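The structure under discussion appears below in the form of structure tokens.
Chain naming follows the written order as A, B, C and D, and within any one chain the residues start at number 1.
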């Protein structure tokens, strides 16, 4: 039983270095940046992730990071996104997830702090506003709340709004609890079916929407089974049993545990409510910096600080 | 200066009985029901409302009404809607307005208590669920928050979801403060440009969406200018000046008052937060009753009570 | 390493039947009621719980329970509380916990739906209101938010309000994940130091406050270490190792796991947001029934439904 | 009929300059500061405000003010408060009002962004934390929600926490709509009975609590009657009737209008939800600056930015 993860970085770690995958990392102050590029279909199959680029930004204690570190993360995020969005045209930001479930509300929180400009730029003579790039945003909600697939709704909106690209924000599931609210993943491969805390039934990709789809995600949960597996693995090495030999025993056990209802259970810090707000603010700052190249940082913070 | 109102009933009162307009009223317990039908283009022009039917349900103290009275209102609302929606096909409910502004949040509150079924009915063998009519819902947010016209978004969604009709919920502006949170208007004419607390720039009508649009609205605000006008009118009759003669004086005055910043100011009871929740619940119950003809009242309350 | 639990029922299960502790259970429809009574100081020491009565109400799927089952639970809760509160005098309900952390917000949610009457009963001639028992309530917040020990604040309030008893509502930590949002514990022993999701530094008891303290709690979290232990124990029996022999190995392992940061991690269903609201409503109904003996059920639901 | 105002500045304007009252004003950039000092009991009676100092800070468009202007206001607020609080000892900040009613939620919003330190300063060896002054805070809620007079609760807490002074934050009613969310009043006279949006039944003063009480307030509402009066007064001067002669006619009219239900109606900008958040942040910054004299501005913003 392979425990699900939405982080390409974690999938990659299952295999040492492999053909068709390149990885490079750099550390800058408290921040670690890793770029995983999946180049071949064989590698994509093995890692169970589509071909493309996956950039992860990691800060061991992101939500308690000081102002400068948070700004550094926002800037690094902006650089990653800038490299993926088309240079011209309006952009549609989609906040995925369920705003009524804290661990799944990242997307709608980001939208709330985003600089929305598509409706301003035409109707103003203001010099500053004329330098705005058109950005619009929507938090469509989840199937259980709307009765509609997110993909249906976004597709319909894209056909009327004609953005140059879609940027989707989502809460992810990871395999290591240390990833929760400490890692931001940016990818040019969009959102795949079955990913995310909410387990999207359909994906959001260039194939389905007809425009490039950049996905920004942060792990908010790990499955309870993860904890079980970690503990079992520890024990085996502790009592000197090589893990390989007992891999099967472990899997069947995890199977049991999951069966007993842990499958639905997610491990999340009790402070997830606070964490979501902090990370959402960093992502919103990063997006505002990336999507408004003709504004200065100061202009952006002044404008976005005045939004609801 | 004619002060704006979204209630056909109030527009109608400006004129006594007139050709092309029929009105009938009935009182039932604490509830007054009035049906205004605008039949000719001339009448439509005069009343500044499109041809069609406008049903208003009024309860003097709606938000303190006891359980039975609230149920009576929900049933009357259900009857009104049943008469307007097509008998078959999925239905899309649109919660208009800005969830971040209490007086404009009616739409999204209603959505939150609505029975969403479109995604269930196909994927279940449950006898009860098989009797569900497909209902989906979206609270698209407002231009200032999304950067997109609500009409653009809804149009795009309609083209993908193909509902038999759209039901739009909106917070309205009225001309008499006694209307706030006491009156529910249902009309088969949809949402017109410039209507609502949020002043929609574009309308939502059968012409623009290609399917029938039923609008359900509740006055949440009156303009501050309304209070001024009421006071002035009172005074004139009080000091024995016939209103007609001084109509112009009043208007120029109101003009001044508005100019001095009252225009943006809305009069709303301090308890609007509580009111919105109460009225939203009644409307949600009414919609659930109207849109699920094959379920009993009890089944509906059990199901909807379990929704988030 | 003994993993913490706030449920007397779970502590009791660590030992078979023991002197100084009586236990009786009954099943009624979907609901199981268990009454644990700790009678001797020796037993209290062993179970690490003070002498007194602990009543637990359990419903396997409490938050999806149908209306009748929820009502049954509310009534059983009311019976349990009625047996513990003094017959006369005002009552102070204290909602413990942090309203900003979903898993810790039970207390303030219950307060929000409670029938508050202390200020009404004196100032009205209404026949119905004259039958009210005086109830007041406060959600004092947590040390990290207020800078004050909850016990300090409640003590100060008690000295001015002079209630006949205090009823404290709190979110609990349990040892079995199956207990989360399925079990309601009522005890006449008050709140002990170190208990609750928020780990109260000081207790709320008759000794500290000078009036009887009844505590109502619902498990909202289990420690991640719990999952690890469950998995390890399963494995041992699975590969035929008697648990006793390896108890120490397990404990040291759990120690490691906890050390590696799981200690702070709590396992909670992703839907905890929805769960809290549902359970809070049941508890509020139960309290309203118990604390207003001179009102009929119908009167209570009408009144409480009208509160914010 | 004298329309109520909580602003000493507005009461003062009813009379020209008068014995026993001194007033001085200064303008700094966009900000106007006015200091009204009531020195004699006669003046106090006439102005219907207790003897003491009333400092008002005014910014025509406070909630759209740029970052620098908001900082300037926070600093001016800090100066005003510094002059009123005792130099040593813990401080208790009380957020008055009803968090469920937007126009009355200022107090609890301020508490949410306040730097709470009383519980930290003892339990840390951290050099920075050791420079903290002890601040604790509570948002006790309103009579209708708690069943207890706010004054009872605060008094009880004060007796246990022994603060050197109490700082109460409250939403006010003003007489000119232009005052809403543009004016911050600071006074050393505490909270008087009948003041505030919520109309406190009892006051919070040095007499009742035994320690100095500083009150910080912002007008959030004006009575609908205010609009009526403005319009009538305008009209009279417009049609050349000297106001004095018709003062009585006006008053009786306002009486009528109020009678017709406007009394409860408050005029508030539709955007009050957004406004409250903005002003609350400025006040919290001002308080943090005033109450932490041994911290630098930068240290304060870093710490408070990390609070929930």
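As a working rule, a residue touches a chain if its C-beta (ideal position, glycine included) is under 8 Å from a C-beta of that chain, and two chains touch if they have at least 3 such contacts.
In this text the structure is predicted, and so the values were computed from the model without any measurement.
In terms of the stated touch criterion, the partners common to subunit B and subunit D are A, C, listed by label.
Ranking all chains by how far their C-alpha centres lie from the centre of subunit A, first place goes to D. Note: centroid distance subunit A to subunit C, computed from Cα atoms, is 37 Å.
Averaged C-alpha coordinates put the centre of subunit A at 39 Å from the centre of subunit B. Taking each chain's centre as the mean of its C-alpha atoms, subunit B lies 43 Å from subunit C. Residues of subunit D in contact with at least two other chains: 100, 274, 308. Of all the residues in subunit C, the ones that touch subunit D in their complex are 100, 111, 116-120, 134-141, 143-149, 152-153, 155-161, 308. Looking at the complex, you find that subunit A touches subunit D at residues 64, 66-67, 274, 301-302, 305-306, 308. Per the touch definition, subunit B reaches subunit D in the complex via residues 100-104, 177-178, 197, 221, 224, 227-232, 234-235, 238-239, 249-250, 252-254, 256-257, 260-262, 264-274.
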